[in-house]
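The same chain A turns up in both complexes below, where it pairs with chain B and then with chain C.
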Partner chain A sequence: MAFDLTPLDLFDPSSYPTRRNEEWKYSDLARVLREVPSRAVLTHLQAATGDFGGFYWHCAGDGQLGDLQAAVAKANGRLYLDLSDVGAEGVVAGYQGEGRITLGVGEHLILLEDYSGALDYAANTTLHFELAKGASLTRVVILDEPEGAVSVRRSTVKTAPGSAFKQYVFSTGAKFQRFETHVEHAGHGAHVEMHGAYLLKDTAHFDYTTRVNHAEIDGTTEQLIKGLVKDRATAVFQGRIYVEKGADGTDARMRHQALMLNDGAHVRAKPELEIYADDVQCAHGNTIGALDEAALFFCQSRGMPEDTARAMLMQAFVVPVAEQIEDEALREMVLNWIEDKAGGFYAL
Partner chain B sequence: MAAVKETIETVQKLETYEHGFVSDIEMEYAPKGLSADIVRFISAKKNEPEWMLEYRLAAFERWQSMDEPDWAKVEYQKVDYQDLYYYAAPKPKAKLNSLDEVDPELLAVYAKLGIPLKEQEVLAGVASAPKYAVDAVFDSVSVVTTFKDELKKSGVIFCAISEALREYPDLVRQYLGSVVPVSDNYFAALNAAVFSDGSFVYVPPGVRCPMELSTYFRINAENTGQFERTLIIADKGAYVSYLEGCTAPMRDENQLHAAVVELVALDDAEIKYSTVQNWYPGDAEGKGGIYNFVTKRADCRGARSKVSWTQVETGSAVTWKYPSCILRGDESVGEFYSIAVTNGMQQADTGTKMIHLGKNTRSRIISKGVSAGKSSNTYRGLVSAHAKAGGSRNFTQCDSLLIGKTCAAHTVPYVESDTATAQFEHEATTTRLSEDQLFYAMQRGLSQEEAVALLVNGFVRDVLQELPMEFAVEAQKLVAISLEGSVG
Partner chain C sequence: MLSIENLTVFVDTKTILKGLNLNVPAGEVHAIMGPNGAGKSTLGYTLAGRPNYEVAQGAVDFNGEDLLEMEVHERAAAGLYLSFQYPLEIPGVPALTFIRTALNAQRKLRGEDEMSAPEFLKTTRELAKTLKIDMDMLKRPLNVGFSGGEKKRMEVLQMALLKPKFLILDETDSGLDIDALKVVSDGVNALRAPDRGMLVITHYQRLLDHIKPDRIHILVDGKIVHSGGPELALELEAHGYDRYLGEAA
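For the complex of A and B:
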């Protein structure tokens, strides 16, 4: 089955998906891009390579993401992919590019992807991953983009028997931010995890869309997405688990939990199961609610000021996603990042 | 074990679709096809007031500009709307003064279906047996409504909607289309233009309807679409429980059933609406069967009002149906309990919408889907909380059970929240019939078919419990019958 990505070319307004497209029902890209004042064909990605805290640093340039495969060859299992964009005063830059990474039999890669930047830009990047038998890819994605950015980050993943794909996405949103992952699940012991956490405030918009297609027997998928939304921010989670005919022994679980910190924030969730095989275990859960008053009361009754108690409970809500990262250095880095971002977030 | 044994016996007894017979009754048709003239014909046939004709014509115009929806997970051969009869009614022999004068052949149809149309038949039963009034709709017209007088004594109006349009035009005008507007969707617009009959219920303030009300829909004529319209209003503090049943003959052609049901609950009122849908599902190869494209919606307009939908969907070739609640009144409650069983080549795309607008509104969704054979069963639902719906709560559970390798089960929930104090929980699971449980049941001496019936009835029990007594027993049998031949 081919990956079903909505055709999108930033430089061709007729390709912009509207809300009439069911896949883009909650994220109106056409509207947002119409508001972008100008779309100069400019790229501000500075090509660079080097060492970054134990990672091989690859920074893309010239509108393309560069030769990622060559970077992987040099990375020795740890690659830092820097897609930060600096933008430029007074202009809105637009860039789009595609990159491809293939992991051979039994190869392992830890990939840290950094999407941050300053000022406004519109970006559309697509990464294609292919895993051979027994390969493993851990992908930690930091989406720390500027408030005015419009970004669509998409990826396709092909797994092979016995391979493992783990993805952890952390986002603070942007004017428009969509992170889409399409996985072709090879089954036969292959394992897929797609987790995420978001901290959204002001008018930030974050859309996390995942599609997993179980085509073969004995595949497992796990998903845990948690997040906080405040002010007038919007969180969108669209997950679909598709189990083809004959993909028996599939075990797939998906969970999305959102905390809303004030009225006027928005949460949209669409966790789908589409199942054509009978010997499967599939489940999804979705909860949306406010901070647990009882827990808050308990903390306060132990002498904790309300602000501190709130901050602690909110942190405790999203941190479990980061804590699942096996690599210690990476986990610490993400936990620090969350703490840093959360500083201004908890205060109501 | 008595219940299981009974189920099995029923299964054996009913090798095929029990209600698939055709009755030879002299009918009166409108010319085939759909045009403004046909709309006028139907309206004239019913002696409707002028405003009603205008309403219909506006709906027809609207319908022409709309497209048939294609987002549901169902595939079917599109209906040729010009190749249908929009009005088919048994020829009236003479003016009827009482039930005894109803065409005996018609009465025979209902006797065969087990629907008591003669009040004394109902009364003749066990003294403690609950009474229920029936409105029988045969193709395009309501042929009989029982217990009308007794209901009238307590102020309850229960009659055919065409009669209500003549007798209580102001009431109908006030509420008709106020829950499902003409432009709501393609099938609702079509229904508004050509609806022929259906039930009208009005329960005055503070009245608890003394008996269960029920409508029995029967499609008989060939190449006919059935477009019924039901409107139920529970005034302040009123209560009514309404049951709906449907069957149709076995035919090789697909037939269209596009109904609209509107419920209005004012302050402190409660409406319980139960459906046992057993339209002809088509044969094992998917030939024939009813297209069931239905719009059902309740408006919990008043504070503390409550609407509860319970449905058992076992029939129809294609089902497109989402009974919904608009929870407008503060502290209003919406409930949706559903069992959808598909077998053979059936396709069902069904679910609900719970739209929380008022403060502290609550809703609960329990959906159990069972798919077998080559069928496809989709739960599609929306739960949304408006920014002003502070304190609203929803609990959703939708479970799917798969029997066999060739069926499909889908879950497509939409959850939208705009308020911090809403609390929404949604759980869904998809599994197959447990081998262990099956083995255990068979090891205790049950045959495979019995064991499956037992386990499936256990799976749907949460919903069966919500059905009124008489329906629960029937529904349990239906579930077993629908799954017949699905194992092995």
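For the complex of A and C:
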């Protein structure tokens, strides 16, 4: 089965999806990109390669994603993919690119993707991953983009029997930010995890769209997405798990939990299970609520000022996503990042 | 130490406490007993400052300060500790982190230095041992998946670490088996001190066998209707609250 990605060319406005496209109903790119960006070469924040906290550091700004496989070969299992760019005032410059990473039989890769930058830009990047039998890819994505950025980050993942794909996405949103992952699940012991956490404020927009297609027997999928939304920010979660006829023994679970911290914040959640096989276990859960006032009082009654208690509870809400990261150094890095970002949520 | 005068409290539109008077001097342990719905827990929540517990009239003096004027966390820093009947679960926050955050927030407000991590760990480890709390449990999110007994032991650990001047124990015996009751009571008794007061809220005389009060007050329909010595608990156990229900009417 081919991956179903909406054709998109940043430099051809006729390709911009609108709300009329069901897949883009909550993320209207055409409305945000009123002006077509010019093709631009952006400045990398750190145009260097070398070591980044035990990772092989590879800069791939401007969508220059062509030589990723060479970087993987040098990375010794730990690759830091630096996609930080410095744009300009206003979304006038844009870039797009595609990259490909293939992991051979039994190969393992921990990939840290860093999308942070400054000023404004439009970006459209696509990464293609292919995992051979028994291969494993752990992908941690930090979407810490500037508030003026318009970005569409998409990926396709082809798994093989016995392989494992684990994805953890952490986002603070942008003017427009969409992160799409399409997975072709090979079953036969293959395991897929696609988690995420978002902390959105002001007018940030973050769209996490995931598609998993179980075509074969005995595949497992797990998803936990948690987020905080305040001010006038918008979170979109669209998760679809599709189980083809005959894909028996599939075990797929999807959970999305959001906290809305004030009126005016938006959460659009569309979890979907489409099941054509008979013998499967599938579940999805979706909850949207406010901060637990009883827990807040409990913390305050032990001496924490309200803002400290709120920050602690908010941070605690999203932390479980990061705590699932097995690699300790990476987990600590992400936990620190969350602590830093949750600080911006103190005051209401 | 804690002096409550004519306290009237409503929750939503319902008046729960109706002119309650109570005085607990330093060094004494007082018990509040009463039937369901008398307002026992409301008293605890009001003193701690829970939102939606509106004080219509009355005054509460805590060591010369107007308690009702203080924010919730200021009451804690001033030395008031409410032990919840049902301690809340705080997912994502390890117990150690929770307690240390609370302790240092209190210290900061009092203008004291923060307790360093090594000192905090050492003190906690010693106290946890006496309360039969495993250090691994303290690394888990506070109260999440803990048994009733574990939650109450965790409450006592927090009391012992935060060293409040005044303790309000709301139905601390609920959800405890005999062994856990003993551990928890021993923990509370260890905190009895000439400069510390306690208010023990309970349904049953059972807890008062372990934590012996100096005075017992009977709360019925939002008012203290009778006060007496420790012998009152036995009388209540034998005869129930019936004879006091009339007095409130």
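In the analysis below, the second predicted complex is superposed on the first by the 326 of 348 C-alpha atoms of A that agree within 3 Å, B and C clash if a C-alpha of one lies under 4 Å from a C-alpha of the other, contacts with A are read in each partner's own complex, and residues count from 1 in each chain.
The definition used in the following text is that a residue touches a chain if its C-beta (ideal position, glycine included) is under 8 Å from a C-beta of that chain, and two chains touch if they have at least 3 such contacts.
Just so you know, these numbers come straight off a predicted model, no measurement behind them.
K.L.:
Look at where chain B and chain C land on chain A after superposing the complexes, then choose clash or fit.
P.N.:
With chain A as the common anchor, chain B and chain C both fit in the superposed model.
K.L.:
Thinking of the overlay built on chain A, is A:299 touched by chain B (first), by chain C (second), by both, or by neither?
P.N.:
Second partner only, chain C.
K.L.:
Is A:284 touching the first partner chain B, the second partner chain C, both, or neither of them?
P.N.:
first
K.L.:
When the shared chain A is used to line up the two structures, what angle, as a multiple of 10 degrees, is there at the CA centre of chain A toward chain B and chain C?
P.N.:
After fitting both complexes on chain A, the angle is 80 degrees.
K.L.:
According to the stated criteria, A:271 is in contact with first (chain B), second (chain C), both, or neither; which is it?
P.N.:
In the superposed model, A:271 contacts chain B only, not chain C.
K.L.:
Considering only touches as defined above, state whether A:245 meets chain B (first), chain C (second), both or neither.
P.N.:
first
K.L.:
On chain A, which partner touches more residues: chain B or chain C?
P.N.:
B
K.L.:
Where does A:106 make contact in the superposed view: on chain B (first), on chain C (second), on both, or on neither?
P.N.:
neither
K.L.:
So in the superposed three-chain picture, is A:313 touching just chain B, just chain C, both, or none of them (first/second/both/neither)?
P.N.:
Second partner only, chain C.
K.L.:
Please state the minimum Cα-Cα separation between chain B and chain C in the superposed model, rounded to the nearest whole Å.
P.N.:
16
K.L.:
Shared contact residues on chain A for chain B and chain C?
P.N.:
Shared contact residues on chain A (touching chain B in one complex, chain C in the other): none at all.
K.L.:
Which part of chain A faces chain B closely enough to touch in the complex?
P.N.:
Residue list for chain A touching chain B: 22, 245-246, 258, 260-290.
K.L.:
Using the touch rule from the top, collect the residues of chain A that touch chain C in their complex.
P.N.:
Those in contact with chain C are residues 292-295, 297-306, 308-309, 312-313, 315-320.
K.L.:
Quick one: in the complex, what on chain B touches chain A?
P.N.:
71, 387, 390, 400, 402-432
K.L.:
Using the touch definition from the top, list the residues of chain C that touch chain A in their complex.
P.N.:
Residues of chain C touching chain A: 48-51, 71-73, 75-77, 81-82, 84, 87-93, 98-99, 101-103, 105-106, 109, 141, 158, 162.
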